[in-house]
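Chain IDs A, B, C, D, E and F follow the sequence of writing; residue 1 opens each chain.
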Amino acid sequence: MDRFAVVKVSGAVFDLQNKGGEIVRRVAQQLAMAAEIGWRVAAVAGGGNIARIYIGAARDLGASEAALDELGILITRANAELLIAALGGHAYPSVPQTLGELLSASASNRRIIVMGGLQPGQSTNAVAALAAESLGAEILVNATDVDGVYTEDPRKNPGAVKLRSVSVDDLARLLSGAGHRAGTYELLDHVSIHILGRSSIPTVVTSYDGILAALKGEDVGTRITY
Amino acid sequence: MDRFAVVKVSGAVFDLQNKGGEIVRRVAQQLAMAAEIGWRVAAVAGGGNIARIYIGAARDLGASEAALDELGILITRANAELLIAALGGHAYPSVPQTLGELLSASASNRRIIVMGGLQPGQSTNAVAALAAESLGAEILVNATDVDGVYTEDPRKNPGAVKLRSVSVDDLARLLSGAGHRAGTYELLDHVSIHILGRSSIPTVVTSYDGILAALKGEDVGTRITY
Amino acid sequence: MDRFAVVKVSGAVFDLQNKGGEIVRRVAQQLAMAAEIGWRVAAVAGGGNIARIYIGAARDLGASEAALDELGILITRANAELLIAALGGHAYPSVPQTLGELLSASASNRRIIVMGGLQPGQSTNAVAALAAESLGAEILVNATDVDGVYTEDPRKNPGAVKLRSVSVDDLARLLSGAGHRAGTYELLDHVSIHILGRSSIPTVVTSYDGILAALKGEDVGTRITY
Amino acid sequence: MDRFAVVKVSGAVFDLQNKGGEIVRRVAQQLAMAAEIGWRVAAVAGGGNIARIYIGAARDLGASEAALDELGILITRANAELLIAALGGHAYPSVPQTLGELLSASASNRRIIVMGGLQPGQSTNAVAALAAESLGAEILVNATDVDGVYTEDPRKNPGAVKLRSVSVDDLARLLSGAGHRAGTYELLDHVSIHILGRSSIPTVVTSYDGILAALKGEDVGTRITY
Amino acid sequence: MDRFAVVKVSGAVFDLQNKGGEIVRRVAQQLAMAAEIGWRVAAVAGGGNIARIYIGAARDLGASEAALDELGILITRANAELLIAALGGHAYPSVPQTLGELLSASASNRRIIVMGGLQPGQSTNAVAALAAESLGAEILVNATDVDGVYTEDPRKNPGAVKLRSVSVDDLARLLSGAGHRAGTYELLDHVSIHILGRSSIPTVVTSYDGILAALKGEDVGTRITY
Amino acid sequence: MDRFAVVKVSGAVFDLQNKGGEIVRRVAQQLAMAAEIGWRVAAVAGGGNIARIYIGAARDLGASEAALDELGILITRANAELLIAALGGHAYPSVPQTLGELLSASASNRRIIVMGGLQPGQSTNAVAALAAESLGAEILVNATDVDGVYTEDPRKNPGAVKLRSVSVDDLARLLSGAGHRAGTYELLDHVSIHILGRSSIPTVVTSYDGILAALKGEDVGTRITY
């Protein structure tokens, strides 16, 4: 029986202007090693700086919020292509554009599948949660540029404390102040939390260098409990 | 300059087993008259009883929540086809399956466009809000089997009071108890409320017989304020 | 060399209002067991009661016969999704929408593939015959709520006699009175019979509980001869 | 209110090896003139000699009957492109590949739409009948290399008599001897006749030089009665 | 009779990091004014800096040249979306992904259509030439960050002389040294020149602020002669 | 690690009017044997006589060069279907219509994949080169009706000398006189040569009976060097 892991790869990994493809390569290596130890892997790429540049320009030009989402999705797909390049022969060569395409691809071969966003009004966190639900994944790793869930934003408040685990309800409360403008989705938005909650998907929030550790079951990041 | 109205048509309208196509016809007549007085109309059909029958059977058979959403979407598209049939030559003959297809169709002809759901994880209320955002709609009418937003569920509590208007934040609080299992989305879920809020879309919640009145600017249902 | 069996699953199996998913589950179990004894299986789901409810409502609302066919096809696809749910990991997770997609899916993995209707003007019986032709199937099992071909309609005439075999020409004559209104296709219509005939596809008509027996080569139902 | 005419253009029109595009041009001129006198026109191109060459070669190479149909459909689409070329700016520039695409195209512009075959198991005559049904066409002109329906095949029997009109049931009887091998569909096959019958579509069978006359209501060819 | 102009909008226009959407807006204004004076306009967006960032990172990660082209195409489509945002209601809201979609869109409405790249192995200059050919365009404006064709690269050699016109053969010779690595296509590559040549498409190479002048027939940039 | 070979099958192989499917069969046998000795094979079918008949007729009818290319592509896809028929169970049953579909198919199964043209403005030689690039092929065999590259056209000049190898630059010079009208692409056009060059793809030009020998590494045809 296949054991699926879904990995949400934060947009911060695709900071090409400052780091080129360096972090992409590190993430790819971890995904390839996860596949070698038996995981079937699906990854979902986020947007990052370049998505924000496009969304900012388009907002100035008068685009609707839904159009901004579409633009962000295009960039997440370009990011997915980068991850595919870094994975080489380990990757399924196309980027699924619907959950149905993800499922078909997962049934047709055992390579790592990489996708980006799917639809306006859904963050890539929500896509990762839906992908985990669809594939019956055993774990969802949310890999970002902080190493877990903190009591406050650790980049703003040095006194913020990292949680080893957090209930989905507490997480929802922590995030309740965040807005929903296109491109500003933070960590885990309401939609993703609701999807995680309705299917009780085991989830770890960790840094992009902690993906493999999380998939090996090591005690990294923050676990979401139900 | 085109003035767009988006109408969310509740699944209750498609109660075929008890009422055949009777209410569908009444809704179609109102939409056609709205088009005659100058509105460009896009309608989004909900699921209703038959969606619930399918989702119930599929849940018993072990489908994932995402698969249940997909099944519900198929039925909303069948409902959309019914509304198209009732509209005859007033309707665009295809059901858009993405927001992009909706926009292309709206640019290519002036008929009433009818769609259903788009993607797992999104209620048809959220689709209606995204459609309104994409089209730059002047109004979103949410037409259902109650005639507005009440302080409590009017079907359970006869003392419930209908609100003439409600702020989007109060509405979010009113709904905060509702769950998110596939097929159980009520009235307006969190996603739709967030989309409405991020674009401040003028919205009226009213009964399925109040659509035309709402589009004529009459004082029906409950207005959502920002 | 793969041995393909195509199974037409009658709409009667999807009588959800009266039986929920119970018969769907029984059919799925037989298909899964057929796969275990070496058959490559493709199934084609019919419409049934809910298709008839939709078609009836749409006809009242003035839809064209071709539109009624389209609506019926949507419901057969919802039925196909139910069968996929019941099959779980044994099923290919997408519903092919053309014969080409069926062939691609069959070349890419060995799971049971489930589809519904394809195109107006074609019953799901015809689709099953075309699928059998395309896949070079060794057998087509037409599983319905009667256990074979009778000299007359056994639900109307208790003196009807079940035939152990029937030539395709005699079958055509037996059916020559049947009409072709959308949603009323009976057992095997002219198109399916012609396709069966042009490729001499070995076919057994049996009950939905006789599928596995037919695939084991047991003497059930009615055999069509050429 | 739009008045639609569907014109089935026989494969004989696309006898490129003997006649180049000459007859295609004559047909195009008639369609363009029909559009000028107010008809909304959809044309369906048949296969002809080159389809037969491909189907013959593929049958020798061992293709299934369904694959032969697919090959024939490709050639009908090439023929449709020829007719589009001949129509120039009068034609919608794409060939619809489903009835849904035909309907969308017909709602989005007023040009002449040209299509070929749609799906294995359906002759282009059946496609034309379905197109007429979907569009609510007032007339279907079946334009071929004979000028109507004869009591026998006029190319084989000089004593064959042309009928001014024929009932759909008599027509079915006349054709009852014809087989259904891919690429050999003659005049009007059973499927097309059943579709014509279920919607009582006014139909004229005439020569490819009689299209305009038929659309002007002149007394040419053979009328099918219901 | 529609008069089509195709405008190739150089990637330099989408220099978002340095200029935001400012030049995009200026180009959009010119296209909108061109539409007002009667031109039917199709625009093709190039790649630019961000395309180069992606292609550079992907090349480092080991992507094939064809994959680099695909990545570049994604970014040109994001650029096309920006131009659509800037055009607002003047633009067709979807980005055609094939020439067929371009033609369908152009037949279905009169808005400005914006596309990006289509296929690996083809620069957006080639796409613009094919679009001009398909639409029967009267003029192709190639708008870039230099104001015409020079005897040498004006950014490297201050003595370079701008040509008022150049024959397509001389142009081919001028460019014969340029390579073909993905993302490095310069001005007009061999493919575009061959397509221009085979259809003798009237072409003007000018700056991105000279588009409207070129479409008004003013003497700007460099004319390509045949 | 998979070793991919791409085989361009010249349109001359599909000379159905004179030779039926005979040469198609011979090519198919070689491809099947190549697969048996370990090659993963992708084949690209060219156009040939029937493509020229269609293109000639369409040019007379006034089609644009891009439309002629589209028509040629349709015929190459029909040719691809013939090759699939001849390959039977050895072939992937669908014809990829983009490079992405080719890559997905190659990741999902190990059968021989057959495609035709992709896009106007690209010869099937260019498609073969792009396919080789995308798949990381070890060899590209260009199989045609002459057995290699000659100093001059051997069908016109009996003194033409066959080259054992030719540098890509010399090849470009040899071909520099050839035009680019749709359907007249000869041997290797500029685009294909540029793609071959940018990725240094090992290429052999040989006769359609020399495919297997070339794939066995025998000294046949003309090698292109970089």
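Throughout what follows, contacts are C-beta pairs under 8 Å (C-beta built on N, C-alpha and C of every residue); 3 or more make two chains touch, one makes a residue touch a chain.
Treat the numbers as computed from the prediction; the structure is a model and nothing was measured.
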{"item": "Angle (degrees, nearest 5) of the CA superposition of chain C onto chain F", "value": "120"}
{"item": "Comparison of A-F and C-D (more C-beta pairs in contact)", "value": "C-D"}
{"item": "Separation of mean Cα positions, chain C and chain A [Å, integer]", "value": "41"}
{"item": "Interchain centroid distance [CA atoms averaged], chain E/chain F, Å", "value": "30"}
{"item": "Residue list for chain A, restricted to those that touch at least two other chains", "value": "67, 70, 100, 108-109"}
{"item": "Contact graph of the chains (line, ring, star, complete, other)", "value": "other"}
{"item": "Touching residues on chain D, where the partner in the complex is chain C", "value": "64-67, 70, 98-100, 118-122, 126, 129-130, 133-134, 136, 179-182, 190-191, 194-195, 197-199"}
{"item": "Interface residues, chain A side, partner chain C - complex", "value": "1-2, 100-101, 103-104, 106-109"}
{"item": "Of chain D, residues touching chain E in the complex", "value": "89, 92-94, 105, 108-109, 111"}
{"item": "Footprint of chain F on chain D - complex, ascending", "value": "16-17, 20-21, 24-25, 28, 50, 53-54, 56-58, 60-63, 67, 70-71, 74-75, 77-78, 81-82, 84-86, 88"}
